[in-house]
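These are the structures, in C-alpha cells.
Consider the two complexes below, in which subunit A is the common component and subunit B and subunit C are the respective partners.
And now, the complex of A and B:
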C-alpha cells in the first residue's frame, strides 16, 4: 500500500502537463520521396507546427526545376519571405544558400503577401539546377522566415543516396 | 490521530488534480509590453483569459479554439486597439460581439470558417481602420455588415468565395476607404454598374489579382478614378487580356499593375496588341511583371504608355529596349530581372530616375546621355565599368544618387568631374580598381553617403577620402589597409556620423586617426584583429554612441586609460573576444563589470586566458582572488623588510646586546684596565684621537691604560709599566709602527709584555699595525717579526669601511676574556687561542 502511494505521488509530481507548449515534443519524420536508391526524409524543427512537403521526381540525377508540393498554415504575415538552406555532410557545413522568395516590390509568387492564419499550398517548380547526388548521407536544414526574422517553417531533412 | 493511509487518500487526488491542471489556467499569455501588449497565440484557450488587464491595447488571441464570439465578448477591454483573432475556429459572431471597443483600429479575422455573421456583429467599432477578413468563407460583399464603419481605411477580403464584383451601396459611406483587397476570389465578370458607388472616389486602390476574370464590360471603369488597380494572373489568354484591358477604357488610375505570378501563368504567347487598350486610360505609373514570351520587337509595345510618368518592368523576357517612341515622357524607368542581352543606351531626355538592376544579360556598361537624370541604380548586374565616373559617362550633371553595387570590375579613372551634386554613392561588392591611387572623391563636397564595402580596396593613399567634407556615412567593411594599420585617412570627414570598418583585418590604430571625427555616433570595428581595446584612440570621439568591437582578439585594455572612454556611449559590443582574466588586468575587468549596462550580452562574455579560467564568465571575475595574491606579496615584502631591519639593528647594536644579554654583571674583576696600550709617542695623535675616542667613549666602554694619563708620577717608568700597565690590565694592545720599532722604550715595553704573558699566562697581546712596515726594518726585531708573520694582527686602514671592520674586530678581541661575573676569571690559555682565532 505504502509503496503504491509513493509511486503515485512521484508520478503525479513529475508527470508533465500536456499543454501545447509543454516542450520536448518533436514532430514525426515524414518521407518526401523514396525511389531508386534515393530517400529524402524530413522532420519539422519548428516547435509550433508540422507541415507537408513532397517532391514529384525522385532520382539520383536531380532534374532542374523540380516540382514540389508544400502545404502549411502561416503563423505570420509573409510580405517578405526568405529561404535559408544549409547542407551538412559529415558534420560540417558544406553549402549555405539564402534565397528571397517574396519581396515587397512586385512579388514573384501568388502566395506572397498572405496573412497570418491563412493557408498556403504551393504546387509547382522549384528554381533548382540539375545535378548528380553522390552516394552518402546528407543533412539539409531548411528555414523559411519573414521580414521580422520570425521562422515560418523549419525542416531538418536527411538525404540518403545509396 | 489520522492514519497515514487516510492522509494519503486525500492528498493523492488533490496532487493529481493539480498536476493535470494546465499551466495556461493561470498564466497563459506572454506579456510583451506590461499592461499594453499580450500575446496568447496557440495556447489552446476556449475563452479569453481573465488574467489580462483591462488596460490592454494589443491582444493576440490567434490559433485558439474560441469557436464562438458572444455579444460583449471584449467589453472588459475598452482600451483595445489591435485585436488578432486569426484562425480561432470562429463559426459564429453574435450581435455586439465587439461592443465597447471604441478605440479598436485593427481587427484581424483571417482563417475563421464563419458561418453565422450577425447583422450587428461589427456594431460600434467607431474607430476601426483596418479589417482583415481573409479566408473567412465570405461569399458576398452584400451580406458583409460593415456599412457603418466610416473610419475604415483598409478592407482585406482576399481568399474568399466572392463571385460578384458589384460593390454594395454601403461603400458610399466608407468615405475613408483607401485599399480594397479582393484578390484570390471568384470574380469572373465586371459589369457597368458594379463600380457605380466609386464614381466620387479617387484614391481607392483595388487589388483584383488571381480572380478568373473573363469579361469586363466596356464602360465599367469609365470616369472611375482609382489610386491603384492590380490585375495579376487574372486572364487565361492574351485574347481575354486584350478584351478586358479594352474594358478598362475611361479609367484614370495612379498605378496600374499588370502581369502574372511566376507560379500562376496562364497567358501564353503574349502579344503586344494586348496592351492596345491602354491608350484609352490615364495612367501615372505603369507596372508589368512576369510575362513569358514577351514579343521580340518592342516597337509599338509602349505606344500607349507614352504619357505615363513612371514605368516598372520586372521579370519580363525583354531582350532590348530599342525603338522606344520618340515622344516618350517617362520620368522614371525601372527594369528588373529582364533578359536584355546588352546594356540599353537609352535616349530619354525626360528621364530623372533610372533603375536597371539584376539583369544578368548585360556584361559591360555603355555610356549614355540622360540630361535630367538624378537617380541612377545600376546595381546587381555583374557589369564592368571601364571608366568611372564623370559627367560624360552618364550625360548628366544633375546626378544625386548613384548605385553601382554588386557589379564586376569598376575602374576609377576620373574623379567625378561634373557630378558634384552627388549625395549618395554605393560601390559595395563590386571590385574597385585604382580607388586608392588618387583623391577620387575630391570634388564630391555634397556627398552624404559612401559605401565601399567589399570592393577589394587596399587603402594605401592618405588622401583617398579627401574632399568629402559633407559625408555622414562611410562603409568600408571587408577591405584592407596598408600594414593592417588604420592611418589618418579621415581628416576631411568632419561631418561623419557612421563609420563601418568591420572585417578589414585591422591590427592597430595609429594615433590621431579619429581626431577630426567629432560628430561620429556609430563606429563598427568588429571582425578585425585588434589585440588591445585602444581607449586613447577613441577619446576624441565625444559624440560616439555605439561602438562595436566584437569578433576581435581583444584580451584587455590599459587600465589607466579607461577613464578616457567616450562619455556619451550607450552601447558597447565586446562579444567574441578572448579576454585575459589575469589579475594584472583587474582594473579592466572591474571596468567591464561597472559598464555592464552599456555592454551587449555582458552576461555571455567569457575569459579565454589564463588556461585555468577558460570559459569562466567575465562578470563572475572576483577582485578578492587578486587581493589574496596582493596580501601574500605585501606580507612577504614586509617580513623581508622587518628581518633585514632586525639584522641591521643586531649588527649595529651587537655590542649593546652583548652587554644586555650576558654581561650585565660585567666588571673588570681585579683588573682596573681592559688594555694596556704600548705605542710610540710619535703615534700619540692616533692613539688619542682614534683609539681612546673609539674605545673609551663607544659601547661597551673600555678603559685603557695610557702612560701619559695613568702612570703615577714619581715612580720609575719601568715600575709604572709593570705596576700600572701589566698588572692592572687584561690585555695589551701593541701599536706597531715605524716609530715603534725605532723607539727603545716601546721595544722594552713589548719585551716585558712578552715575558709577562709567559710568566702570568694571563694577558693576550693584540697587535695593531698602523703603517705598512718595510721588512728590513721589521727584521731588526726578530721576535716581533716572527710573531707578526705567525699571528693575526689588526691593520689600520684609511677608508671608512676598513676602519669600521677594524673597530669591530678590536672590540671583539677586547671583549674576549671579559669575565661574565665578578667571580669569573679569564682563562689565559683560552685568551691566547681566541686572540689567534681572529684569523
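And now, the complex of A and C:
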C-alpha cells in the first residue's frame, strides 16, 4: 500500500513538470542533409520554438551559393538581422564569424523587413563561398538575432564528414 | 479500498496545487508601473485578473484567444496599444473593442482570421494604426471600414491581396502609410488608385509584389512621400507607370534571392517624365553603364547604388548638378578616383563603405567636391603610409569623416589639415601609427567627437591630442596604457573641454590620483571592463554629478573615506565587480543601501565573498556585524559601572535593613 502511495506522490509531483514547455524539454534533432559521406544534424536551442531547415546539396566539396529552405515563425521584427557562427572541432572553437543578413541600408534578402509574428518560408540561395570539408566531426553553433540582440533562431548543429 | 480512494484524492489535490504553482510562475512582466505590461508567450487564454485596469500598453502576443468579443478586454478600459500577434484568433465578434475609446494601435499579425464583424472595430475614438499582416485576407472588403476614418497606417503584408481597390466607403483621407508587402498584386489600374486620391503624402509599399503592368495615368499628378517597388523585375513598367507623378523617395532595389534582370539605359527613360527626389537601386546589375544611363537622373537629389556591382562611374556624367547625396556602398572600385567625383559638384554626402576590393585613396580624387560635408569610407581595407592631407585634398566644408574599420594608417603632424571644419572623426578599429611627440589632430578647431577605439595607439605620447580646443567626446576604448596605469601626465590632459570620456576595455589596473585633474567638465566617464580596484577611486574626486561606469572591474572593498567621492556622482554602474560582503566592507554596504537610487542595473551588483553569499544581490544582503574595539571598550566600562552600582545598592540596602533591626 505504502509503495502505491509513494508512486502516486512521485507521479503527481513529476507530472506537471513534464507538461510545461520550455522547462526541461528540448526540441528533436533534425537532419538537414545526409548524402555522400556528409551528414548535417541540427537542433533548435531556442527554448520557445523549433524551426525547419534543409540544404539542397550535401557534399564534402561544398559548392558556392547553395540553395536552402527555411521555415520559421518570427518572434521579432527583422529590419536588422545578423548571423553568428561558431565552429567547434575537438572541443576547441576554431572559427568565429558574424554576418549581417539584413541592415537598414542594405536589406540583402527579400524577407528583410518582415514583422514579428509572420511565418517565414525562404527557399533560395545562401550566397556562401565554396569550400572543402575535411573528415571529422564538428559542432556548429548558429544564432540569428536582431538589433535589440533578441534571438530569432538558435541552432546546435553537428556536421559529420567521413 | 477507502485508503486507496483517499490516496487518489490526496494525489489529485497535490497535482492541482502543483499546477497552481506553475501558473503563478508565468506572470506578466510589469515594464512600467500600472501602465505597461508584457504577457508574451504565456499560453494564456484570457486576460489575467492581476493586470490593473489602468493598463495602457499591453503586449499579449503568442497567447491563445480563438474568439475575441466584447468581454475579452472589458476590464482594461484605458488600453491605447494592444498587440495580439499570433494569438490564434479566428473570430472578432461584434463590439469587441466597444469599451476602449483610447485604443490607437491594434496588432493582429499572424492570426488565422475567419471573420471580423461589421462593428468589431467600433469604440476607439481614434484608431490610428492597424496591423493585419498575414491574416489570410484576400479582399479589402474583409476589413470593417466603419470606424477607420482616423487611420494613419494600415499594414496588409503577407496576404493574398491582388487588387488595391478599396471599397467605396473606406475612408482613406488620413492614411499616411499603406503597406502591401508580399501580396499578389500584379496590375495597378487607374480605378484602383482612385480610392486612394483623398490621401496626401502617402507612403505606399509594394515590396515583394511582382508588378507586371500599370495602366497609363494611374499615378498622374499624385504626390507620394515614398513608393517601394522592391524586388520588381521589370523597372521600365514602373517608370512608365509613374508618368507625371511626384515622389519624394522611390525604392526600386532588388535582392540576392530575386530574379536578375540587367538595367539598360532605355529602362530609365520614364524617369524624365516624373519628379523624384531620392532613388534607391540596390543590388541591380547595370548593362552597358554609360552616360546615356544617367540622362534622366538630372533632377535627383539622392541616389543609392549600394551593391550594384560597379567598377567605375563613367567620367563626364552631365546634368547631375543637383545631386546632394550619393551612396556607393558595397561596390568594386579599385581606386577612389574611379567614381569620377567631378560629375557631382553639389554633393554634400558621399558614402563608399564596405567596398569589395581593397580601396586605394589616390591623390585628390574628391577635390572637386567643395561642398562635401559627410564622407564615409569605412570597412574598405584602406591602407595609407602618409594620411590624409593629399588623399582628402580640398574638402574645406567636410564636417564628418568616417575612416573606421580600415587597414593601418600612418598619421603625421596635422594629418587632417585638408578638412579644417571637421566636427566628427571616426577612426575606430583602424590601427594608427603616430610617431612619438607628433600631434596628428592639431588645428581641428571645430572637432567635437573623436572615436579612437581599438586604434592601437601609443598612449604615452603626450602630444597625441594637442590642438583640439572644442573636443567634447573622446572614445579611447580598447587602447592600452603602459603598465596598465594612467599616469599623472596623460594625453587627454590636453583636452580640458571633454564632456564624455570612454576608457573601457583598456586593460587598466590603476589610475594616478592626479590623472583627471584638468577634466572639470566631464559629465560621463566610462571605465568599465578594466581591472581597477577601489584605490583608483580617489582619481575620480575631480568629478561631480557625472555618470560613472565602473562595471566589470576588480573592486572588492570600498573604504569609508572613498564613499564621499561616489556620493557626489549622479549615476554609478558597479555591476560585475567581485564585491566583498563581509564586515570589512560594512561602510560600503551601508552606503549602498542609502544610495540605491544612484545605482544602475542594481540587480547585477552581486557579492563575490564570502563564499556563502557568492552571487547574492547586494540589495538582499543584511549584515549584522560584530562590535568594533571601541564598542567593546564602552561595553566593558558600562558593565563594570553597573556592577559597581549594584554592589553599592546591595550594600546600602543591607546596611539600612540592619540599622532598623
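Rule of thumb we're sticking to: the second predicted complex is superposed on the first by the 152 of 162 C-alpha atoms of A that agree within 3 Å, B and C clash if a C-alpha of one lies under 4 Å from a C-alpha of the other, contacts with A are read in each partner's own complex, and residues count from 1 in each chain.
Going forward, a residue touches a chain if its C-beta (ideal position, glycine included) is under 8 Å from a C-beta of that chain, and two chains touch if they have at least 3 such contacts.
All of these numbers come straight from a predicted model, not from anything done at the bench.
By the touch criterion defined above, A:73 reaches both subunit B and subunit C.
After overlaying the two complexes on the shared chain, residue contacts for A:30 are found with neither subunit B nor subunit C.
In the overlay built on the shared chain, the residue A:124 is in contact with subunit B and with subunit C.
Applying the stated contact rule after C-alpha superposition, one finds that A:60 touches neither subunit B nor subunit C. Once the two complexes are laid over each other on the shared chain, residue contacts for A:48 go to subunit B and to subunit C alike. Once the two complexes are laid over each other on the shared chain, residue contacts for A:106 go to subunit B and to subunit C alike. Once the two complexes are overlaid on the shared chain, A:115 sits against subunit B and subunit C alike. When the two complexes are superposed on chain A, the residues of subunit A that touch both subunit B and subunit C are 1, 5, 8-9, 12-13, 15, 20-21, 48, 73, 75, 105-110, 112, 114-119, 122, 124-125. On the subunit B side of its complex with subunit A, the touching residues are 4-5, 8, 11-12, 15-16, 18-24, 41-44, 62-63, 84, 86-87, 108, 110-112, 132, 134-135, 156, 158-159, 184, 209-210, 232-233, 257, 259, 261-264, 287, 289-290, 312, 314-315, 336. Taken together, the subunit A residues at the contact with subunit C in this complex read 1, 4-5, 8-9, 11-13, 15-16, 20-21, 48, 73, 75, 105-110, 112-119, 122, 124-125, 127. Contacts from subunit C toward subunit A in the complex involve residues 3-4, 7-8, 10-12, 14-15, 18-19, 22, 41, 43, 61-62, 85-86, 107, 109-110, 131, 133-134, 155, 157-158, 181-182, 207-208, 230-231, 253, 255-258, 282-283, 304, 306-307, 327, 329-330. Interface residues of subunit A facing subunit B in the complex, by the touch rule stated above, are 1-2, 5, 8-9, 12-13, 15, 17-21, 48, 73, 75, 105-112, 114-119, 122, 124-125.
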